[in-house]
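Consider the two complexes below, in which chain A is the common component and chain B and chain C are the respective partners.
What follows is the complex of A and B.
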C-alpha cells in the first residue's frame, strides 16, 4: 500500500562497507551472526521453556514435550477461570484501545496542525506525565474510583489505562499526522470539503500505520497492566489476565504446567500483535518521540 | 466559520485529554500531598485524622525499610540501565545492518518487550526452579536462586534485562535510522575505520536518543513494580524492595494510605530531582 511506502522510509543508515563484503566474510559472521545468535538464544529459551511446561504431562522432566498434551490448558481455561479473565482482559483492552486512539487522533491533530496559545504548555504537561509512577497513583486513584462507585468494575481499569496510555499516544500520533502533507488537505478544503470531511477522506486513510502503532501500543499496555487491576478489582469474576496469572503463580506454584499454560494464554495475543506491528513502532518512535 | 469558532477548534480537540489528565493525574497528585499529612488507614478508620508531619517523621527516623529501599532502588536503576544501554546499543547496531531475515530477527529479539511483568515472572520462575529449570543443565547446584540473598539480585537483574533490553534497542534503532548514510561514506572516504566511524559518527548523533532512552527507561525501571512484586515480593528479607514497591505494598497489602502517601511524596521529589540533574549533566538538546 502506497501510504506505507511513503511514510516508512527504508533504512538509510546502511553502513558503508557492507556492499563491498561478501556474505561469507568471517569478520561479518563474528560481528553479526554470533552475537545475534547468542542474543536469540537468551530471548527464545525462556519462551521455549514455557511452552515445554505447558505442553508436556505433569511430572515429566523431558526437555522436549512429546507427546504433547493440552490438559494444562483445559485446567487453566475451565477450572481456574482463564476463560473469564481472558474475556475481561479483551473488554478492557479493546475499549482502552478505542478511547486512546480516538482521543489521541484529536489531540495529535491539534498539536500537529494548529499553533495555539498553550500548545507549548500542553506538550510539557504530556511529557511530564511520563514521570508519574503508576504505582504511586494507586492510593489516590483508588479513592477516586471508590467515590465514583467504580471499584470492582472494569470501567475503572478502562479509564485508568486510557489516561496512562494517552500522553505517549498523542505525541506519537502528532508525529504521524505531521508526516501527511498539509497541502493535500488544503486542496480538499478548496474543493469545498469541510475540514472534518477533508480529514476523514484525505488524512485518515494515510494514517493507517499510525493508527496501528498507537492502537497496538495501547492494547499491549492495557493487556499487561497488573497493578491497577490488582488494586481496583478484588472480585474473581472481574479479574484480568495478569491478576489471574499472579494468583496462579502464588497458589499453584507446585503446578508448573498450569502456570505455564496460563502464561501461554497471557502471551499469545500480545506477542502476535507485536510481531505484526513491530516495524510501525520503530518508525513511529523515530517520527514522534525522539526527534520531537 | 467565524474567527472565534476557528480559534476554538484546537482547544475542543485537546479538551478530552486535558479533562482526563486533570481528573486522573493532576488531582490525584494534589490529593496525595493532602493524604500525606493525614493518618488514613482503611483497616483502622477510627484512628484517621490530621497528622501534620508525623508520617514524614516516621518515614525519616523510624523506618529502616524506607532507607534500605532507597539504596536498593538506586542500585537497581543504575545496574539495569547501564546493562540495558550496553546490550541495547549492541543489539540495535546489529539489527540495523542489512542481512537476510532481518525482519524476522527484529520481531524475535524485540518480542519480550510485549510481555508483561507478571508473565515475565511466571516464565522465569519456571527457569529458576531447582528441580526442573534450565539451570540444572548449566551445572547449577540444586538451590533456590530467588530465596538466597546472595543470588537473588543477579537473578532479578537478568530477568528484567530479558524484558528491558528490547525496548532500549527499539528506541536506539529509531535514533540510528535518523543518521544520514552519507556521513558514513564520507568518514570511510577519509579513511576512518569501523571503530572510529562508530565513535565519531554514530555516538555523537545518537547522543540525544541515548539520553532520552536512558532517562525514560530509568524512570520506568524506578517505577517498575510488577516484576519485583510478583517475582520476589521484595524479599528475601526485604533485600529487593524498591521505594515504589514499598508504596505498592503499603497500598495493596496494608491499606495504610496516609503513610503510603508520604512515601509517594518522597518518591516524587527524588524522581524529579534526579531527572532534572540528569538532564542538566547530560546537556540534553544543546548544540555542541
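What follows is the complex of A and C.
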C-alpha cells in the first residue's frame, strides 16, 4: 500500500477549484445531488399541483395546465373578495412587522446590555409564552379588545399579532445585539455620543440581518394567521387572506381551482419576501439563536 | 432621501390603518336599523345572500343588513367566542348539528311565537320543524328551517346504466364496475366525516327505526348493522382506491371528478361540483338502497336554517329578515342556487325543482309515507366529538383490517349509550 503511494508520480499543482471541476466523482453525485434533487422534487411537486389546479380549466384532469386559464384568479379576486382581503393583509402584516421590529430592538437591547434583577426569569417567561396556543387566549383577548372598542378593526389584529410575535423576536434580537461588542458602543460614548446616538450610529447598522430576520418572521406569521383574523373581526370588508382562502371549501363542495388560485395569491408575497431576505434570514436566525 | 421615502410610506400606512375597520355608521344617522347576519357557510353562498339582502332591503327600506360570511370549518368556534364575548350577531345561520350547543349557552331566542303569527306559518316542512324541535330539550323552535339535505349515491351514467335498488345489487355493481388497475366501482369516505356516512348506510340496510331502544341503549351495534359494515369494509381496496382510508369529502369529490370512479356516496350539496367536472347529462343520483327487508330508511341530515340571537337589540327586524329568507320566493331562489331541498313547501313544488332529477328523487323519497326517517341524536352535546374525533380513527382501523366491525360498533354504541344516559339525567328525562 505504502509502495503504491511512493511510486505514484506527483500531480502538477493546480488550483483546488479547477481540480474539483475537472474530476468526475460519481459518489459525490450520489451522495449530494441525488438526495438534493429528490428533496427538491418532493418540495416542489405540491407547488406544481397548486399551479396546475390554479391555471387549468375547471373539470380538466390534465397534468399540464393547458390551455391556461385565469378564471380561478378572477373568481378569487373579484367574487370571493381577495382584492379587499389582500389589502387588509398587507396593512396588518406591515404594521405588525414595524411594531414587532421596533419593540423587539428595544426589548432585545435591554436584555442584552443591562443586568437587572429578574432578567433570567423574564427570559424564561418570554420563552414560556411560546407554549401558549393562540386559541387559549381568544376569549380573554376578545373581551379586552371589545372593552377597548377594537373589535371589528384591523387594529385588533395588529396588536394581537404583534404581541404574539414579540417574545421570540425579543429573544432573537437580544442575541444579535449581544454579538455587537459593547466596547464599540463605549468608544462612541467616549467620543461624545449619547447612548441613544451611539446605538443608532454603531449598533443599529450592524443589526441589519437581525432586523430582516425578525421583520420577515413577524410579517409571515401575521400574514398566515387565520384564527385571530376570523375571531376578532366580524365585518366582511375587514377579513384577511387566510379567511378568504377558507371560503373556497364549503360544507358540501370545494372549488379546487379557486382554492389553488387563492393559495398562489396567498403564497406569492411570502415567497417574494423569502427570495429577497433569505441570505440574511439564515444568518440572522442562526446568529440570534446561539447568543444568550 | 431614503428617510423621506420611509416616512412617506409610514404616513400612507397610518392613513390606511385609521380607516380600517371602524363602523361607517351608515344606517344609524339616517334612521335605519342595522342588523348583522352571519352566514354559517360563507364563500360560495355569499353572492346568493347578497342578492337576497338586496331584495330584502328594497322591500324594507328602514332595515340595513350587514352580511358576514363565516367559513364553515370554524363556525362553531366563531359562535362560541362571540357568545363568550357577548358580541353575537342579530341573525345567524345555524344547523341542528350545533343547535344544542348554542341553546345550552342560552344564546338563541325561540321563534315559536313569531312563527305562529307569521305569513310562513304552515308553509314550512313539518319533518324539518320536528327535527329542529327534537334537537333541544324544551322542544322549542330556536331555528327556523331554510333547507335540508339528503344522502344520495352519485354515479356516472356512462358506467352504470341502471341504478341499484337494494344493497345486494349495489355491492354487485361496485364489483362489476371495478376494472383494475385504475377504475373503481365505488369510493369509501374513510377520513373526516366518515361516521355519519357509514351510519346512514348501515341504517338504510338494517331498517332499524331508532338510534336508541326503549331502555336508552344505542342500536348502532345491531347485528344487521354489523353485517353491513363487514360487507362495506370488504369493498376497501377490492373495489375502491387504497387512498380512500383518508378520504374526506373534498378528496372524495375530487376523485369522483376524475371519472375513474363509478359511484360515490355523498349528499345533494356536491351537485354543482359534479356538473362542473362531468356535465349535467353524465351524472345521476339514487337514494341509498334498501336492505333485505325492502323498506326505505333514511337517516335525517342536519337541518340548516336561521336563528335570532338573544343579545340582538333589534329582534323584530331580525325576525323580519328570517321570515323573508324562508318565504316562498327567497327560499326557492336560495335552494335553486345551492341545489338543496327547500324548507318552504310552496318552493318544493316549483318547476325548477321538478326539472332536477336528483332533487326530485330526494323530495319524493322524503315525502313518501313509506320512507322511514331515523333522527340521529344531534341533541347530545358529545354527538359531534363521538362521531368525529373519537371514532373516525377507529373506522380507519376497520378499513385497514386492524379492528373488527363488531368491536368498532360496540365501542361507538357504548359511547352513544353513555352520552344519552348523561343527557337524560341532565334534562330530567
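Note that in this section the second predicted complex is superposed on the first by the 258 of 292 C-alpha atoms of A that agree within 3 Å, B and C clash if a C-alpha of one lies under 4 Å from a C-alpha of the other, contacts with A are read in each partner's own complex, and residues count from 1 in each chain.
Here is the rule we use: contacts are C-beta pairs under 8 Å (C-beta built on N, C-alpha and C of every residue); 3 or more make two chains touch, one makes a residue touch a chain.
The model shown is predicted, which means the values in this text are computed figures rather than measured ones.
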| item | value |
| --- | --- |
| Joint occupancy of chain A by chain B and chain C, clash or fit | clash |
| Which superposed partner A:142 touches (first chain B, second chain C, both, neither) | both |
| Chain B versus chain C as contact partner of A:249, first or second or both or neither | both |
| First (chain B), second (chain C), both or neither touched by A:266 | first |
| First, second, both or neither for A:153, with chain B first and chain C second | second |
| Partner chain in contact with A:79 - chain B first, chain C second, else both or neither | second |
| Touched partner set for A:107, first chain B, second chain C, both or neither | first |
| Which superposed partner A:91 touches (first chain B, second chain C, both, neither) | second |
| First (chain B), second (chain C), both or neither touched by A:234 | second |
| Single chain C stretch clashing with chain B - from 39-47, 75-83, 111-119 or 417-425 | 75-83 |
| On chain A, positions contacted by chain B and by chain C | 61, 135, 138-139, 142-143, 226, 230-231, 246, 248-249, 253, 256 |
| Residues on chain A engaged by chain C in the complex (per definition of touch) | 58-59, 61, 79-81, 87-88, 91, 94-95, 98, 135, 138-139, 142-143, 146, 151-156, 158, 226, 230-231, 233-236, 238, 243, 246-256 |
| Chain B-touching residues of chain A, taken from the complex the two chains share | 9, 11-18, 32-33, 35-36, 39-40, 42-47, 49-50, 53, 61, 63, 103, 106-107, 109-111, 113-114, 116, 118-119, 122, 125, 129-144, 159-160, 162-163, 166-167, 170, 195, 220, 223-227, 230-231, 242, 245-246, 248-249, 253, 256, 259-260, 262-263, 266-267, 270-271, 273-275, 278-279, 281-283, 285-286, 289-291 |
| Parts of chain B lying in touch with chain A, wherever the complex brings them together | 7, 9-11, 13-14, 16-18, 20-21, 23-25, 27-29, 31-32, 35, 87, 90-91, 94-99, 103, 105-119, 121-127, 129, 131-134, 137, 162, 166, 170-171, 173-181, 184-185, 187-188, 194, 197, 208-209, 212, 216, 219, 222-223, 225-226, 229-230, 244-245, 247-248, 251-252, 257, 260-261, 264, 267-268, 271-272, 275 |
| Chain A partner contacts - residues on chain C that touch it in the complex | 10, 13, 16-17, 20-23, 36, 38, 41-47, 66-74, 77-78, 81-82, 84-87, 89, 149, 249-250, 253-254, 257-259, 266-270, 272-273, 276-278 |
